[in-house]
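Lettered A, B, C and D in written order, each chain numbered from 1.
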Amino acid sequence: MIIILASSASDAHIQHVCDRLAQRGYEANVSRGVERTLIGAVGKLSDEDKSQLADQLQSLEYVERVVPISRPYKLVSREGHDQTTIPLGDHILGSEAIILMAGPCSVESESQIVEAARAVKAAGAHVLRGGAFKPRTSPYDFQGHGLDGLKMLRTASLETGLPIITEVLDVRDVEAVCAHAQMLQIGTRNMANFQLLREVGQTHIPVMLKRGWASTIDEWLKAAEYLLAGGNHYVTLCERGIRTFEPSFRNTLDLAAVPAVKKLTHLPVVVDPSQGTGRWDMVEPMSLAAIAAGADGLLIEVHPDPETAWSDGAQSLSPSRFARFVERARPVAVAVGRTLT
Amino acid sequence: MIIILASSASDAHIQHVCDRLAQRGYEANVSRGVERTLIGAVGKLSDEDKSQLADQLQSLEYVERVVPISRPYKLVSREGHDQTTIPLGDHILGSEAIILMAGPCSVESESQIVEAARAVKAAGAHVLRGGAFKPRTSPYDFQGHGLDGLKMLRTASLETGLPIITEVLDVRDVEAVCAHAQMLQIGTRNMANFQLLREVGQTHIPVMLKRGWASTIDEWLKAAEYLLAGGNHYVTLCERGIRTFEPSFRNTLDLAAVPAVKKLTHLPVVVDPSQGTGRWDMVEPMSLAAIAAGADGLLIEVHPDPETAWSDGAQSLSPSRFARFVERARPVAVAVGRTLT
Amino acid sequence: MIIILASSASDAHIQHVCDRLAQRGYEANVSRGVERTLIGAVGKLSDEDKSQLADQLQSLEYVERVVPISRPYKLVSREGHDQTTIPLGDHILGSEAIILMAGPCSVESESQIVEAARAVKAAGAHVLRGGAFKPRTSPYDFQGHGLDGLKMLRTASLETGLPIITEVLDVRDVEAVCAHAQMLQIGTRNMANFQLLREVGQTHIPVMLKRGWASTIDEWLKAAEYLLAGGNHYVTLCERGIRTFEPSFRNTLDLAAVPAVKKLTHLPVVVDPSQGTGRWDMVEPMSLAAIAAGADGLLIEVHPDPETAWSDGAQSLSPSRFARFVERARPVAVAVGRTLT
Amino acid sequence: MIIILASSASDAHIQHVCDRLAQRGYEANVSRGVERTLIGAVGKLSDEDKSQLADQLQSLEYVERVVPISRPYKLVSREGHDQTTIPLGDHILGSEAIILMAGPCSVESESQIVEAARAVKAAGAHVLRGGAFKPRTSPYDFQGHGLDGLKMLRTASLETGLPIITEVLDVRDVEAVCAHAQMLQIGTRNMANFQLLREVGQTHIPVMLKRGWASTIDEWLKAAEYLLAGGNHYVTLCERGIRTFEPSFRNTLDLAAVPAVKKLTHLPVVVDPSQGTGRWDMVEPMSLAAIAAGADGLLIEVHPDPETAWSDGAQSLSPSRFARFVERARPVAVAVGRTLT
């Protein structure tokens, strides 16, 4: 941590900061420049102390700015850890293989989800997605079939052999979702729902943590740290678009986050082009781009009949469009040294 | 709802859309323009059907865009409802009186919160704020004293007579927080935590709903609709800044949201300049501006000693600065036809 | 400038950075922390060297980040300078007095601008605004009357005694605009048009520099530095809203920028609530808020008949609404220690 | 255009809007819904009239919203036009071939630009980029060699046979730049510099229009319309990142803009991953992603020695890294049905 003092700071002010640092176990390294005095805080403390202390020092009128130095996530950091790999059915997320997760936004009925599962499997998907608990902006929208939806998902899984990924919204549902799914999803609205992160962190089921739609990469990795700190090491990240001023898309898919995050952490990274653009006609080009950018997997909304979908019809692929996409994706995966089987 | 067709749409396409509308109980009003054909859907349906249908139609290749017309919140809408007023101790939020809610970010100890309560009361605050459950970006930061914090808050309330506002984070804590506080706060990270909204909607305790840091006004009002739809009518909104590209502030305080929201809804609107800027030196000018813009109340972080605050030191006022602010705020309130006593 | 090295940096890497600093006349202050090594660059150099050097060092694989310390604007900085005051007719921008600049978006005809000038003067405006050169998003929109518009503005000025502020768009028009106006306006699209800034910096006519709609405060002040570096010291800043995800407004008016900028610089700050919100019904509350936040003046679009305005009808006040606003603004100005006469 | 009236609108209000539409040559199509009345304006008018009229109607208190229908660019629209192709040396931008434009941010000296040109040609680039006129945020930064820089570029072009792309900043320099370069670049800060667009529109030199860093796709295409409306049909677009809240990158590269723009327009689309991320280590993955997303070309900063670059060192590739990237890009281009030779 470096403390930058205002040009008006006096010697007494400098001393006061040094004293505060000493009280908290830091050594102070004072550097008087031509225009400003800087104080470096040297020493190792827990992360809690650092952010609290930074905030306190910033309350002083003669402190212009406090610059944090170390990144506040230890467990998700690439430094000192091997690449995380997550087995999902016969495939491994985080390996050379690109993992395709596909299925409808909402589970609408047993026949719908079974039909969807068969279609995405036939086209080459490795994991079935489908929502039983749905976070909906309006209280008047369909909120998902809940526990019944989980059972329908399990039926579809048994029929096809595809492992299931499904969202968990409520701390009270974690146990039930773990009993039915092979992978939990924490959605964009819950990335900073720390109670839910703590509960899921105590399970041993693989979990996909979506980026908050207005969360920085730094905040996203700190949220993942909650999961790992709880003991759950099967964590994958999912970039699903951020909110910007551009109205052409539901979100702006931040594909640069993929290589950036992979430099910082050992966790796999999945991309969701369906939420990430909100337009079915953008799913194929952005999926190909995601693979080229280094994504380990894709989460794609596929509905047997988008025109009758109970939710997210506008961003869902039909099974035939999904199948066509998979064909086009294979050579791209190979071109960047990955496999897609 | 208006469906704008692509210029390539054929007569068969137009008929298909009309048929879909008819199936769902709408009358279709076709308007063939020089460049585009528009289809207006006339008829009253529940909001659920509308958004689902819009999404489905948008999945058709020859539909360029679907434009929603009616606003999807009935209960929070100003149309057909009187201004909401919320009694808090001896004062009424949503009346001519400006309500000041002040106190520390976190409850640190009984003595700290009692000292803070006395100081803010002496300076003119009407409600004591203080966090017992704290949502923290890093798992290694102080997470609040929880239930013990609630008890300390109650002690401070009994000592000073100030009603309490405090955040509830977890559906499992709603009952406990209701037992200790006079007003619940739903924080920015939980604005779209619909499970929590539903639980709090079933209580009869006044609740303040903060705007999500990247939520539109429309989404914010739909979130408030969850609370009212549950039966809780004592709801106030709180503008607390949105996330933008500008690094000078923790958030960009969107003061125009105050008059804009007051035109749309009958709910009171509070402004939080502490979170809204992240800088103690911005709290006074932005609080004065909030009053001038029409805010019904202010939520201000005040700590007995910001330099030792366990959280948010950088944006907390000292008691003397808060007292000075209140003196300066009074004539501004009067100048815009409000009172501050 | 502080150079933060990656944890992988070797002693040779540290030495290399120190050597580079030495070559450029800096003293290097190395601080080896537990996790990272920091190198502080001490010494005074021109600003050019600093930003170039920072960029160069950041190209090294073992440099994690370079943190700039000093603010790169000398002439606009409050440090070492008195508050700038700008005489405009009988009034002084940057004094205790709030300056009202009002008039239509575009000059449409001599009779329109004369009528507008009389109306805004009668209501209390101090300066007449009106656009002769108009930057329009579409090539098919009205682009302004140009030189003829300037002449119409001068007629309106002679009729009413109001000084004129009008936008200059093109380096080739600077001389003509200077010959007709008392104050130049550099619009939001041209904040980073450095050629135009340089030309205007060489005049001695007061100039208002609008913030770019996606420019940080830091970039805005650097743009102002271009003007002062050219020799023009009569510079005022104008906050006019920034672009965010919120669709309710044309822009999000960043009122916190007003006190923030006034802390950093000696230049006056004007607020444009018309562009800043894009809605006539937001102009009054946001203008009152701007005064409360510390603005030195307001730039407000007023049209004799907004329903027939050639541009910006949706955000223009009618003369009667403007007059009513001025009456309401007076007590707010007084409440914050200003005058509005 | 559709006019949505407030629920409070009376019959007289409806009639007033219909009369206004009739005056302007529109037929009014009134649709009285359960909650709102809509008025569709049918008829063909110039685009200018439409946007002006929309703005005027929005000034009426009983008009809730005006929804535009047709897209306000005729010449850049894909409808009715063939794909634009632009010959550059031996290659054609807008064809199956991916065009690589590479070189340093600034022309620093003749030897530097000649060395850069040879290096990028050897690695496979088709066009040499290099800045003679530089827009710099601070007046104290290096502003480019100007006319001398153009001459150095020409020398490098003659030495290597590579055509030149270079930025033009000032209307007064258009002629000189046209005399030296094979392609003009209009930078992100000048996307909405309509004077410059008009001047460049009157030349017949190919031009690359970068997207404004906070411009919507719609605004970008309207800016391109200025160029085509002037008579210059050799226009390519360049996505170079937009400004968001994410601090990890200088900009957020909006790759979804590539397929979205290609659906709307017949113009080629180039991607600039150097500006688009601001980090040399992101250039390769984002370039591969851009090709996969459908880009027609790439604009990449390559400097003989990034550590000594006069500008943009942090985002420049060394020649060896650029050469390695080209090798990796070839199979990706082939995988999506393009060529890279």
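Rule of thumb we're sticking to: a contact is a pair of C-beta atoms (placed from the backbone, for glycine too) under 8 Å apart; a residue touches a chain by one contact, two chains touch by 3 or more.
The model shown is predicted, which means the values in this text are computed figures rather than measured ones.
Each chain gets a centre from the mean of its Cα atoms; the one farthest from the centre of chain B is D. For the pairs B-C and A-C, the larger set of C-beta contacts lies at B-C. Centre-to-centre spacing of chain C and chain D amounts to 26 Å, using the average Cα coordinate of each chain. Mean C-alpha position of chain B lies 31 Å from that of chain C. Separating the centre of chain A from that of chain C, both taken as means of CA atoms, is a distance of 38 Å. Looking at chain C, one finds that residues 214, 243-245, 247, 281 touch two or more other chains. Those residues of chain A whose C-beta lies close enough to touch chain B in the complex are 20, 46-48, 51-52, 55-61, 72-73, 135-143, 169-172, 189-190, 192-195, 213-214, 219, 222-223, 225-226, 229, 243, 280, 306-314, 316. Within the complex, the chain D residues that touch chain A are 214, 216-218, 242, 244-249, 252-260, 263, 276-277, 279, 281-282, 285-286, 288-294, 328, 331-332, 334-336.
For chain A in complex with chain C, the touching residues are 2, 4, 7, 29, 31-36, 38, 40, 42-44, 67, 69-70, 79, 243-245, 247.
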